[in-house]
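Listed next: structures, encoded as structure tokens.
Two complexes, one shared chain (subunit A), two partners (subunit B, subunit C).
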Partner chain A sequence: MYGWTGKILRVDLTTGQCHREQIPVDLLHAYLGGRGLGVRLMRDRFRLDPMDPEMPLIFAVGPLCGTSSPTAARMACVSRSPLTGTIYDCSAGGRFAWRMKGCGLDAIFITGKSKEPVYLSVYGDLASLCPAGELWGKGIKETVLLLQGKGSVAAVGPAGENGVLFANIMMGEGNSIGRGGLGAVMGGKGLKAITVNGTAPVAISAPERFNEARNDVMRLFRASPVIFGELGIAEYGTPALVDLMAQRRMAPTNNFQSTYFADSGNYSGPAIRKEFHAKKDGCYGCPIQCKKSTPDHEPLPEYETVNHFGALNGISDLHSIVRANSLCNELGMDTISAAATLSAFGEERGRFPAVEEVPGLLYDIAFRRAEGLLLSLGSRKFAEQRHRPELSMTVKSLELPAYDPRGAYGMALAYATSNRGGCHLRAYPISHEILRKPVPTDRFSFSGKARIIKIAEDVNAAVDSLVACKFAFFGATLEEYGELLSAVTGVEYGPEVLKTIGERIYLTERFYNCENGFSLADDQLPGRFFTEPGTSGDGIDVPPIDRERFEEELQKYYRIRGLNEDGTFADPSFLERQP
Partner chain B sequence: MYGWTGKILRVDLTTGQCHREQIPVDLLHAYLGGRGLGVRLMRDRFRLDPMDPEMPLIFAVGPLCGTSSPTAARMACVSRSPLTGTIYDCSAGGRFAWRMKGCGLDAIFITGKSKEPVYLSVYGDLASLCPAGELWGKGIKETVLLLQGKGSVAAVGPAGENGVLFANIMMGEGNSIGRGGLGAVMGGKGLKAITVNGTAPVAISAPERFNEARNDVMRLFRASPVIFGELGIAEYGTPALVDLMAQRRMAPTNNFQSTYFADSGNYSGPAIRKEFHAKKDGCYGCPIQCKKSTPDHEPLPEYETVNHFGALNGISDLHSIVRANSLCNELGMDTISAAATLSAFGEERGRFPAVEEVPGLLYDIAFRRAEGLLLSLGSRKFAEQRHRPELSMTVKSLELPAYDPRGAYGMALAYATSNRGGCHLRAYPISHEILRKPVPTDRFSFSGKARIIKIAEDVNAAVDSLVACKFAFFGATLEEYGELLSAVTGVEYGPEVLKTIGERIYLTERFYNCENGFSLADDQLPGRFFTEPGTSGDGIDVPPIDRERFEEELQKYYRIRGLNEDGTFADPSFLERQP
Partner chain C sequence: MKDQIAKYTSKLVSDRSAMPERIAIAAQDDVLLTAGADDLAALAGAILSKLNSLALVVARPSLPFAEFLIGRASADESCILPQDTETRTFLHDIPFLRREELAADPSAQIARLLGSRKGVIVEGVGIVAVGAITVEQAYINYSSVFHSTFVKYLQDLLAEGFRLPGEQESFDSFRNEWLRPLSAEGLEFREELSGHRDDILNEIERVGRYTVERGLVDSFFGNISVQAGGVIYISQTAASLDELAGCIDPVPTGNTSTTGITASSELLAHRKIFEETGATVILHGHPKFAVIMSMLCETSGCTITDCWKDCPHVRTLGGTPVVAGEIGAGGLAKRVPPVIGRTGSAIVYGHGVFTIGEGFRDAFAAMVDVENFCRSEFFRRLDFPAPIS
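Up next is the complex of A and B:
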């Protein structure tokens, strides 16, 4: 078999047992790897509390990992989110995936709960659980430094140990498994870290075909202004978007009270580069190197982070924003949710946090004390407790990122339908609505968006299962990645087959959520977007979203997906018919 | 009694007892407070190992503390240094001194060793030892945040807990009790932190006289270009010196292999201000506000720190330097010694540390592991262990700061005679040799320097006992501070009386050291300064120092001090004759 190792490492933290098993080949063919494989392996664990010891925490790589497929040094982490209650996956880069595949593994499947803190060490064929009492309580940098001799590291910080609902799992190279709080799941299991160290090579079925496909991808990357253009992400990273979103009047500001922040230029891509001598950084072997870091490898913040610690909290000072980003990384928690929760807290008390307060509040959240005890549950629980539920700018309890939906109606629909909550990574209509790729659409219209979002969700589910990076698709398409996959595995995968696989994965996730009680009532946006306008100006008018048109388009989406009017499954046996 | 409270708090960590005692008034009159009082209280503890539980750790404020005397919110911490083996005091600002005096205390005298980690809480009249198990292992920021409700904080970080020989005690406001490793003494006692919270007012004997003296001081401050000039320390902090030292070709570079670093402009005062939006910060009530920090109160580095993490290690990148400074603060260790020890390490292995290595090495030092285990003992023990003793650029094992003595011969003598090791705070001839205050002297000549250094050492001993800040004396003199002291206490202190007190303190310290085996053999400079030239250029010639002239001036200094030719005391009963 090419592309897959066919092996899963099962780890039971309660008994301390680790053993390898074979994965049925038809599952690999039908779900590829990464997100798809992880979601498939979750199928028999409905209605389990995310913090239940038997809740699995799954790390899965894909068939492209270990090859020189561009942007493929990635993996997915899958479980159920303690923040959203949905099934949850997150894609992460770095070197971990590559080294995990080098241990001969497609997946690591962790259940149980350890009495004492442990870390999992996988060194080639050997897997063992080691005492981590001395690591417990330590920040991420220190933990990674102490473990780095053992290979690539994934670890939780104090936030994960203490059960912050938006705690991350941080990768040793600075990447993160972010958003839905899988760090709390890992910390709750008493698992401080995982190290992987393997170098087994990955063979390719058709090397010449692979090289041709790879050349096609690289040519498309080079031709893409979004990737390698003068103002593209290779040059400035995602903060390249700061000026663009300001011009479009869709930069969420003061907890989404407005959509324009006059000082956003302080943290634009060029401003960050100048101020921090930013250099390119990125995942293993990736040609784009979109990450930016300082000369001593301190990661610099992404677009969502600068906007949310900046505009969303009314903070102008770049250094304070960068420090907040570093502190979240060090404590191991999600920057978007942390900043958005602080912003809701700010609106509730009538004063957004001053720069001097932010570090203390972040510590309080990570250690779950004082104000932080409530804030660590995320903005939705915070706002409900304060009897101001309207202040939580979330979908399915997940804090929205930095694209105001009043400035991009596709994004409004994408937030609502996302089956892991309000994120920009299930479908990214910004691509066509703002970046005009592959074709421009009218950002102030819902027309045609239901179908576009459905397709994008399916495509991304496939991409997350290869696993490749979504940024690759600002240049390449499933056509070229299908070629890469076919060449690697010797199994034919055209773009339509990949979309079908993506749809299978997406519906499996939705089915899981529906079984846990999710429905139309959860596919909603915060009320503010329908009642308050954004910030108009510079010839751009940003009115509130028309709720009727939104709901109409949502119904159209359900029809395209084959769902009932209330968003549930018409066919309760859907899952049984899948491989 | 005005000016003094007359009370000392004695804390025995072994038994857990705290009680207050009266301090004899004649001791207060003869030693003032701060350094002088602390040194006097050390007098009966000769030949005790610094890490012996019975070694006292003394915090002492002075008679000006609590009044509006400019720069007087300071105190001294006194013990024996585990790095140098000498008696050791360090002056520190912030708010701690003010709040400690507000608890009605002139001094806190701590002995013993606690079985479990504790912190000392002083709240008005009440003093208690509280469990600190949850604070142990935590960095400084986190510790301060957890304790800040209890008042001003002084705490040790991981470096102090683990016994790094140059561990600091860090003040909650960002100031530090630095250099000689008193953090290791405190950590060795199991004492994580001290909090003080008192507001008792300090009465002034002659308020009108006090106001006049205060006005005189303020007028002299305003007239001083070094303090309030366009390029002065109020404007840029001590990094104002970067360009000056570069122009003078006396910026220690590559472990003192040269004295000029082409990239030093990257971390000059103006460069730091621009890059970090530096704002003024400083000790409680101080009109100078020489500290610089970012808008969210992250302290920015001092001159010595930027030079030593910069030029001394061949590092050009400002952000890496600032991060190293922040990391040392967080781990609780001295920046000068940390950077200089890394520099010696760099010269020994033939490659100065790359910016990427620095954070890891600093962690390794603070946690005393890997390379850091040896480096945590300071550059002298490191260099001796590697059989390259000449690479340690120290006097009495204390790493030299950022004034190359080949460019200022008074500094050469000051380093050699300093009774706490190679520092710039016993005498600061840079004042006249470079800043031309109060009068210029020839920096490439030893002529007259012995007497100047002796007087400066005595003056500074008095200043450290008032306690006032040395920066005040770029403007004012002992004349005005004597007036302030007389007005506060109702006891007449002219400048000559203060110098006599300073001499008493200085000789008490030297006596203590001689009793512990120090002599001429320890009043020496590293050989490099006598055999290798500095970096000439720009019309400035920086030859090696003439060893004969140095030794001649050292003998002259001994004669002026009334010491034997080998630096020991002619009169073994000196101490008995002192109050």
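Up next is the complex of A and C:
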């Protein structure tokens, strides 16, 4: 077999058993890997409560991982989110995926709950559960240090151990499996960490064809101003977007009360580079190296993080933003949800957190004490319990990232339809509404957006299953990645075939959600966006979103997806018809 | 979406890339819309309904070059390999279907090919191009295939001459009737740019429009900039040269802001050219004859195979330097700035032309001159081929 290893490692934390199984080839062909494979493997358990011991926590790589396919040293982590209640996946880079594939695995499937803290060690063909009593309670850096020499590490910090609903699983290299609280699922199982250490090579079916496809991808990367342009993400990381979002008047500020923060230049890409002597860093073998770190290898914050610990909380001090980022990483918490929850807390009490308050609040959240006990449940539960539900800027309980939907109507629709809640990455319309890739669309128009969002959701579901980085698609397309995949696996995949696979994955996720009670009522934006304008200026008018037009487009989306008017499935046997 | 269909139908007519009565566009949101020639509209709708994409253009090109390329291809060939850098980078290859291969309803065959590529050529039908997310994208892909087949056919003619019945007559018609004289005559330019933002933006918009209206370039192929007061004003990536209003980024020369992340992929080349030459304006386009002639290299015994990116030599065409270099962060930004100052223009192998000036009058005239020279040189070589030694 080329590309895939065909193997899954099943780990039962309750019994302490680990064993390898063969994955049916048909499933690999139909779901690729990563998100798609993980979602398929959830089929028998998607109704379980996220914290049920039998709820699986799945790590899955893709067929391109282990090759020199650009940006493909990634994996997906899949389970059900304790924050949103939806099916959940998160794509993550670093070295873990590559090392895991090197152990001859396409997936690790973890169920059960250990009585005592353990870590899973996978070393080549061997897998075992080891006591982790000494690691429990430790922060991420110390945990990684104590596991040094055992390969690449994925671990939870205090937030995951204590059940913070937006706890991350952190990779040893500083990457994170973020947003939906899968760190709480892992911590709830008594699993402190996973180490993987393999170097087995991945066989490529057609090496010459692969090299040509790789050259095509790299040529498109070089032709993309967003990727390799002198102002692009390879130079400045995602904070390259700070100035752009300010100029476009769509930087969420003060819990989305406004869309422009006058001091955002303090934490722009150039400001971070200057202040912290930012160096290029990134995932294994990735040519883009969009992550930025200090000369001491301390990861520097992404765009979402600087905006949310900045404008969203009215903070302009770069050093405090960087400290908050580092603290979240160390405690194992999602920066977007943490900052957005603090922002809702700030609006509720009539005062956003002062710079000096932030670290203490973050500790309180991670250790679930004092104010942090309620804040650890995320902004929705916090706002509901304070009888101010309108202050939670979430969709399906997931805190919205740093693109105000009043400034990009495709983004508004995509937040609503996202299967994992208020996420920018499912359809990623910022790519065309703001960054003009592959072609520009009118950001203040809903025209055509229902179809565009549907197509993009399908494309990105395939991308997350290859697994490749979405940033690659600021330059390349499924045409080139389909060619890479065909060359690696020896199975022909064109863009249209990949979109069909993506559609299958997307609908499967939606079906799981609908079976768990999700419907039109959950595909909604916070009311603020329909009643309050953004911050107009510089010749840009940012009115409230027209609710009627939004709902009309949402219904179009349902029709295109073949769903009922309430967003559910007409066909209860949908899953039975899927491979 | 209907307005988009009307807009790009009109563009296909005004840019003279399609026969006005043989154009159809299909687009789908929650319903499928089609417009244009009845038979082509039905075909466009049938193809698009088989694709997970938003729009599709089916049109018969105004020139028969794509079909001639099919006719000249050997029986075992099934696609055309573009030679110019731009389309090579974005299209990779262009599949074609011969007339005898077509089923009674060819929509499934065409959709299958479009499942892997942005555009295809269907003998007897025309160019079929898909837009994944917009009608504009389908139009761009149609334009790219038209551009690519134009360049490839004329290149092949120089190398091999006429081979098909009726080919020469069609070509003569193209030469004598389709081609129009290129000139800057009658155009108004600001002699001096004031340094005021609005004046600069207006002048960029106007000159961008000129390049398309005069037939110098196709609307999506090129970029344009002005340097003034520590700022480079440059057209955005994927901006249409004849519709630049709101699509020009002000980029501080010191990179103190990253708002220019949406600027043209050639921003680096523009910046280096400004630094190297002290020019005030830069115009970059892909005039077809310059693209064709730039790829005509008569060096014998050369071992370089990927000339378009690896050739280190500076050749000349009518005195204008020709250099190799990939677009964006590839080699173009390194190789153009050192050579463009001497003559005010430079050609990039298989890609296009850069010209500079104190104002756009100079830059525009220089681009017209380069293209006119290349056009006449092309026909001179076609009329008087060098004897085979």
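Keep in mind that, in the parts below, the second predicted complex is superposed on the first by the 578 of 579 C-alpha atoms of A that agree within 3 Å, B and C clash if a C-alpha of one lies under 4 Å from a C-alpha of the other, contacts with A are read in each partner's own complex, and residues count from 1 in each chain.
Note that in this section contacts are C-beta pairs under 8 Å (C-beta built on N, C-alpha and C of every residue); 3 or more make two chains touch, one makes a residue touch a chain.
Here the structure is a predicted model, which means the values were calculated and not measured.
Clash-free side-by-side placement of subunit B and subunit C is the outcome of superposition onto subunit A. Of the two partner chains, neither subunit B nor subunit C is touched by A:Phe574. By the document's definition of touching, of the two partners only subunit C reaches A:Glu496; subunit B does not. Taking subunit A as the reference, the larger set of touched residues comes from C, when subunit B and subunit C are compared. Once chain A of one complex is fitted onto chain A of the other, the partner contacts of A:Arg323 are limited to subunit B, with no touch recorded for subunit C. Vectors from the Cα centre of subunit A to those of subunit B and subunit C enclose 120° in the overlay, to the nearest 10. Of the two partner chains placed by superposition, A:Tyr284 touches none, neither subunit B nor subunit C. In the superposition on chain A, contact is made by A:Gly229 with subunit C only, not with subunit B.
In the superposition on chain A, contact of A:Phe444 is made with neither subunit B nor subunit C. Remark: least CA distance from subunit B to subunit C after fitting both complexes onto chain A is 17 Å.
Looking at the complex, you find that subunit B touches subunit A at residues 137-139, 141-142, 145, 275-277, 294-298, 317, 319-320, 323, 355-356, 358-360, 363-364, 367.
Residues 216, 219-226, 228-232, 236, 240-244, 247, 265, 268-270, 432, 434-441, 447-448, 450-452, 455-456, 458, 477, 479-480, 482, 494-497, 499-500, 503, 556, 559-560 of subunit A are the ones that touch subunit C when the two sit in their complex.
Against subunit A, in their complex, subunit C makes its touches with residues 1, 4, 27-30, 51-54, 89-90, 92, 111, 114-118, 131-134, 136-137, 140, 236-239, 247, 251, 255-265, 267-268, 271, 326-330.
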